[in-house]
Amino acid sequence: MNISKSKLINMYEKMVQIRLFEEEIIKLIGLGQPLGMAHLYIGEEAVAVGVCSNFLDDDYIVSTHRGHGHCIAKGVKIKYMMAELFQKKTGTNKGKGGSMHIADFTVGMLGACGIVGGGIPIATGSGLSIKLRETNQVAAAFFGDGATNQGTFHESLNMASIWKLPVLYICENNLYGMFTPASYALSVQDVSKKAEAYGIPGVTVNGMDVIDVYEVTNQAVKRARNGLGPTLIECKTYRYYEHYGSSTDSFYRTKEECEKWKQRDPIKNFRIRLINDGVLTEDKLYGIEEKVNAEIEEAVKFAEESPNPNPEDALEDLFV
Amino acid sequence: MNISKSKLINMYEKMVQIRLFEEEIIKLIGLGQPLGMAHLYIGEEAVAVGVCSNFLDDDYIVSTHRGHGHCIAKGVKIKYMMAELFQKKTGTNKGKGGSMHIADFTVGMLGACGIVGGGIPIATGSGLSIKLRETNQVAAAFFGDGATNQGTFHESLNMASIWKLPVLYICENNLYGMFTPASYALSVQDVSKKAEAYGIPGVTVNGMDVIDVYEVTNQAVKRARNGLGPTLIECKTYRYYEHYGSSTDSFYRTKEECEKWKQRDPIKNFRIRLINDGVLTEDKLYGIEEKVNAEIEEAVKFAEESPNPNPEDALEDLFV
Amino acid sequence: MQREITCNQAINEAIGEEMKRNSTVFLMGEDLYGNPTFGGKPLDLSLKKRVLNTPISEPSFVGAGLGAALTGMRPIVKLMFVDFSLMALDQIINQIAKITYMSGGNAKVPLVIWAPEGASGRSAAQHSQSLEGIFVGTPGLKVITPSTPYDVKGLFKTAIRDNNPVIFLTHKRLNYLKGHVPEEEYLIPFGQGTIKRKGDDVTIVSWLYTLNKSLVAAEQLKNEGISVEVIDLRTLVPLDSKLILDSVKKTGRLVVAEEEAKRGSVASEIAAFVAEEGFQYLKAPIKRVASKNVPIPFAKTMEDFVLPQVGDIVKAVKDII
Amino acid sequence: MQREITCNQAINEAIGEEMKRNSTVFLMGEDLYGNPTFGGKPLDLSLKKRVLNTPISEPSFVGAGLGAALTGMRPIVKLMFVDFSLMALDQIINQIAKITYMSGGNAKVPLVIWAPEGASGRSAAQHSQSLEGIFVGTPGLKVITPSTPYDVKGLFKTAIRDNNPVIFLTHKRLNYLKGHVPEEEYLIPFGQGTIKRKGDDVTIVSWLYTLNKSLVAAEQLKNEGISVEVIDLRTLVPLDSKLILDSVKKTGRLVVAEEEAKRGSVASEIAAFVAEEGFQYLKAPIKRVASKNVPIPFAKTMEDFVLPQVGDIVKAVKDII
């Protein structure tokens, strides 16, 4: 891999941030902290990080109901995210959005989205904006396997294709949409195959391998910045927890399946690889983990100590 | 062609019915008769007739804003259609629907539809109904090239594929959606290519040749009745008149293009073929044309003499 | 002892019974087998073939419901939440609500669209809406809004047997509410509200979850010597307009309490109706208690403030006494 | 002589001027170059790059408008008819209307959605609707409903410069209506209705095409000795509630006249508002004149019967005098 050492370290750190941020959420849920509907991203970290490590601050992403990973990977500050989940005035959204609506326009994170398929046209429009403004930016839409059955997927890919928009369509195929297997709901096995229907490139990649994701995305970003249009990238991945919340009980998935995927854990394996490739020592990696741990601790403290919104704050921010 | 003589004659008659019905509309519009928004089908007759000649009365179709041809081909009575356009109480829809909403459930015509892409899910649902009731029927959705960019196209084909519904998706690719060339709005050249994205067969056929359309449809109907699921059939065709109304002035199409397509006129060429193949003599064909002419005349008379709805009739039929 | 079951169970029973009674009844929607609102799975597994999981394609599976209804089936289309109905409104408003009329009464559409609505605590703006106004404002739809397990079951069965499109709205907060539901079959006709509590000074008209708050408010007001009549509309289309007018005739005062954003709500419609048809009875302004005119915010402090509360209903009543 | 242009031309001018003024303004929609409502093509061909034909994909091109608005552009999204907005309501209601609020005011959405509405003669149920109620009932949208070329132009320019989502509704029957529009630039602020005609006995509140009918009705009523005040609201959100209340205070009587189906209409909202805030001024019931509660039928006899007519307005006024 010809990725710089600092980038690799950064990627590892981001993945750990996502993992530990959500493990903290699980802990907090266990303690009875009301955080709203949190759809956990644990297991899928390689996708958000592999994709977003190709982006600059002024590139755009639009996320889904399962958005924490995308937010962190795109550079949203953890402490403001935590404060948002704690329903605090200091949250990214001043406590008005919660997990499904975290947005931070200063880092190009245009918003998580609680409507399956709802974010895809928005990302497409940000691509149109780039094209009209003639800048060198790119945009990415994240969405699940389930979302590909929504009409917006089809319409948006068509528009992006005919207008050659600099948009990456990143399908996180975690094999299920809520309780429904992709193998039931999807008429093809590989989502990437659908790219042909729009005359654009489609690639399936191992979504448990951050380097694979990074490299495929890298090609697509180059295409996009060169005015060659969109790419559909399907990342096969897996969520370790239930559709939302912190349970791991699935009536529709087997324990064996889960265990098999956990063997391929994106963080564990990337860690081993970094050591084996001599990028970082175990000690240094541990140092990163410690640093992130401290960060999370600080974020919780910040969230806890932040003021609640006043009831009447609810009447503000409807219009700007 | 191994199509029975009586079927061929019937097909010819239907095509002539559509043509003369609409030529009558053009005449009436010229005379100032207010018929509402009529989207003419002239030029595309081979599609409706080639497809529907495979159907029985209890098979279903769902049509579009350009629905006269589908209605006639599926067996809706011309005189009630004419009365509908004349806004009469005796019309197919009691004067409540007009050209874009003609329906006749007694012959499986589930309705034209004024919303582009709006009819595709309805046809899909009638296919689901067939499957649940375990009958041997089939259903077809007609739609234009423009409609394939609507999300409902994508969603419906996916559902039909995973459930193996007995539905034929008939795309009438007349090269334009209103004033917008399909070559601009569509990310692939052949709509049929999109079938792959749903793991179903897709065929492009010469929509100016009723036998070609008939035969391809025939295969698809067999598949459907045998429980093998949906087929996407793209018929390349051309509308001779403007998007709606009786003008032929197009700012977005050349006269040459129109002329070229008229050379391939589906009725003229089918007529020649029937004579050449010795199916019918010129005289007999002329007889059919005369018969249809008389039918149209009668339909106009019926429509003219029919009573207008009373204003208060508007309050009826909201619920049954 | 009287049998008590939850609203969820009441719906399950209604659907199960009607499916057994009529082989053309079927249920379709997303993740039905794991969806707590449906209760897990059909009660009788022999009905499984008619409980159909759909892909996440609201516009098309709702439209497919119409196609099936037109061709001999009686579909129940479940939307996970009413918020997602917005994806399917072309099918609901342009197709489903209109085809019977447009066809001059030739189309029969025995279709139920069942959608849970309302705020249930920190689900934020896209999972908390109450949208009855959109459906009530669409000619061609019947709109049902029950508040008790008894009503849920009886009205759901009626909905399934109706030959017209029915939007059946339940409230998420009522899913696990328990109440008496007899073992024996019964149906509840559309268009009949009920007086939940008799009173003389003010009429409160309400439905779904806010009805419960209205009843609590009425009890509080009683302690202050104010006698409140509380009407549960149960169905919004058709509307039991006579029940409303008769009550207002008696009390001379009206509060309409519900959970939609106030502006453009069904509360507004009912207020306008009474201001037009019952003006002569009115002794005071008509008050609407509803959500404030913003999306539902995430944080509990703000969510509580935006939603109509018992205190707001009490205050509205006092304002016009 | 005063310059007179049509509403269509007024919009063309507004868009053209704002596009020249600000390079982030662009227009997207179906068949724009041939669409009579847009007037054929942009006035200044140098702007062509910013007039973008879309595929027939309402949900996504409306949603793309939001994406563009969030990232530095000022899109005008044209829907061919408001009926087709129903396909895009998830984007309009769940995304566009809510994102500013959900993000705690961090999102700026300078987006205009322009949709012609209303019945224009035998276009039947799917091409004749008036749907302002849906938009007015959605917190987070501004809703504009002008009736004259002057107002169309001034309000459209304001809409383009607003940093919030604006639903700009025009009425098909007004497309070719001519009226004075000055050459000089002007803007009209949102939230200011105008008194089109002064009167003392009854207030008629109206907008869009029905406003014209209201003015004709007022003239007829004058001949019968009834003095009618006619208010053109021009914008429904924000609403000039003071203008309405002041007028009702003076006349004591209110008719709201508009083209939506009556049930759940904005007429109902305004009636409810006055029954709540202006009850003390009222001498008579509030009347709503609107379309009957059915889809718009095709045949002219029935269509005329369903739509609100001058005679209906006259009758409503007389009913409460």
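Order of writing sets the chain letters: A, B, C and D. Residues in each chain are counted from 1.
Methods note: a contact is a pair of C-beta atoms (placed from the backbone, for glycine too) under 8 Å apart; a residue touches a chain by one contact, two chains touch by 3 or more.
Given the structure is predicted, the values throughout are model-derived calculations rather than measurements.
J.: Touching chain A and chain D alike: which chains?
T.: Of all the chains present, those in contact with both chain A and chain D are B, C.
J.: State the pair with the higher C-beta contact count; candidates are B-C and B-D.
T.: Answer by contact count: B-C.
J.: Taking each chain's centre as the mean of its C-alpha atoms, which one ends up farthest from the centre of chain C?
T.: In terms of C-alpha centroids, the chain at the greatest distance from chain C is B.
J.: Approximately how many whole Å separate the CA-defined centres of chain B and chain C?
T.: It comes to 40 Å between the two C-alpha centres.
J.: Mind checking the centre-to-centre distance between chain C and chain D? Centres are C-alpha means, answer in whole Å.
T.: Each chain's C-alpha centroid was found; their separation is 30 Å.
J.: Cα centroid separation between chain B and chain D, in whole Å?
T.: 36
J.: Using mean C-alpha positions as chain centres, tell me how far chain A is from chain B in Å, no decimals.
T.: 46
J.: Out of chain B, which residues touch more than one other chain, so two or more?
T.: 93, 95-97, 101, 113-115, 118, 149-152, 155, 158, 162, 184-186, 318
J.: Which parts of chain C, given as residue numbers and ranges, touch two or more other chains?
T.: Residues 54-55, 57, 59-60, 83-84, 87, 90, 94, 101-102, 124-126, 139-140, 293-295, 297 of chain C each touch two or more of the other chains.
J.: Which of line, ring, star, complete and other names the graph you get from chains that touch?
T.: Shape = complete; every chain linked to every other.
J.: If we count contacts the way the header does, which residues on chain B are in touch with chain C in the complex?
T.: Residue list for chain B touching chain C: 60, 62, 91-97, 101, 103-105, 110-111, 113-115, 118, 120-130, 132-133, 139, 151-152, 155-156, 158-159, 162, 316-320.
J.: Contact residues on chain A for chain C in the complex?
T.: Residues 34, 36-37, 84, 87-88, 93, 95-98, 100-101, 113-118, 146-147, 149-151, 177-180, 184-186, 251-252, 308-315, 318.
J.: Report the residues of chain D in contact with chain C in the complex, numbered from low to high.
T.: For chain D paired with chain C, touching residues are 59, 83-84, 86-87, 89-90, 93-94, 97-98, 101-102, 124-126, 133-134, 136-140, 237, 260-261, 263-269, 271-277, 279-280, 282, 284-288, 293-295, 297.
J.: Touching residues of chain A toward chain B in the complex: what are they?
T.: Touch residues, chain A against chain B: 149-155, 157-158, 161-162, 184-188, 193-194, 196-200.
J.: Applying the document's contact rule, which stretches of chain D touch chain B when the two form their complex?
T.: That would be residues 30-31, 33-35, 53-60, 83-84, 87, 122-127, 292-295, 297-306 of chain D.
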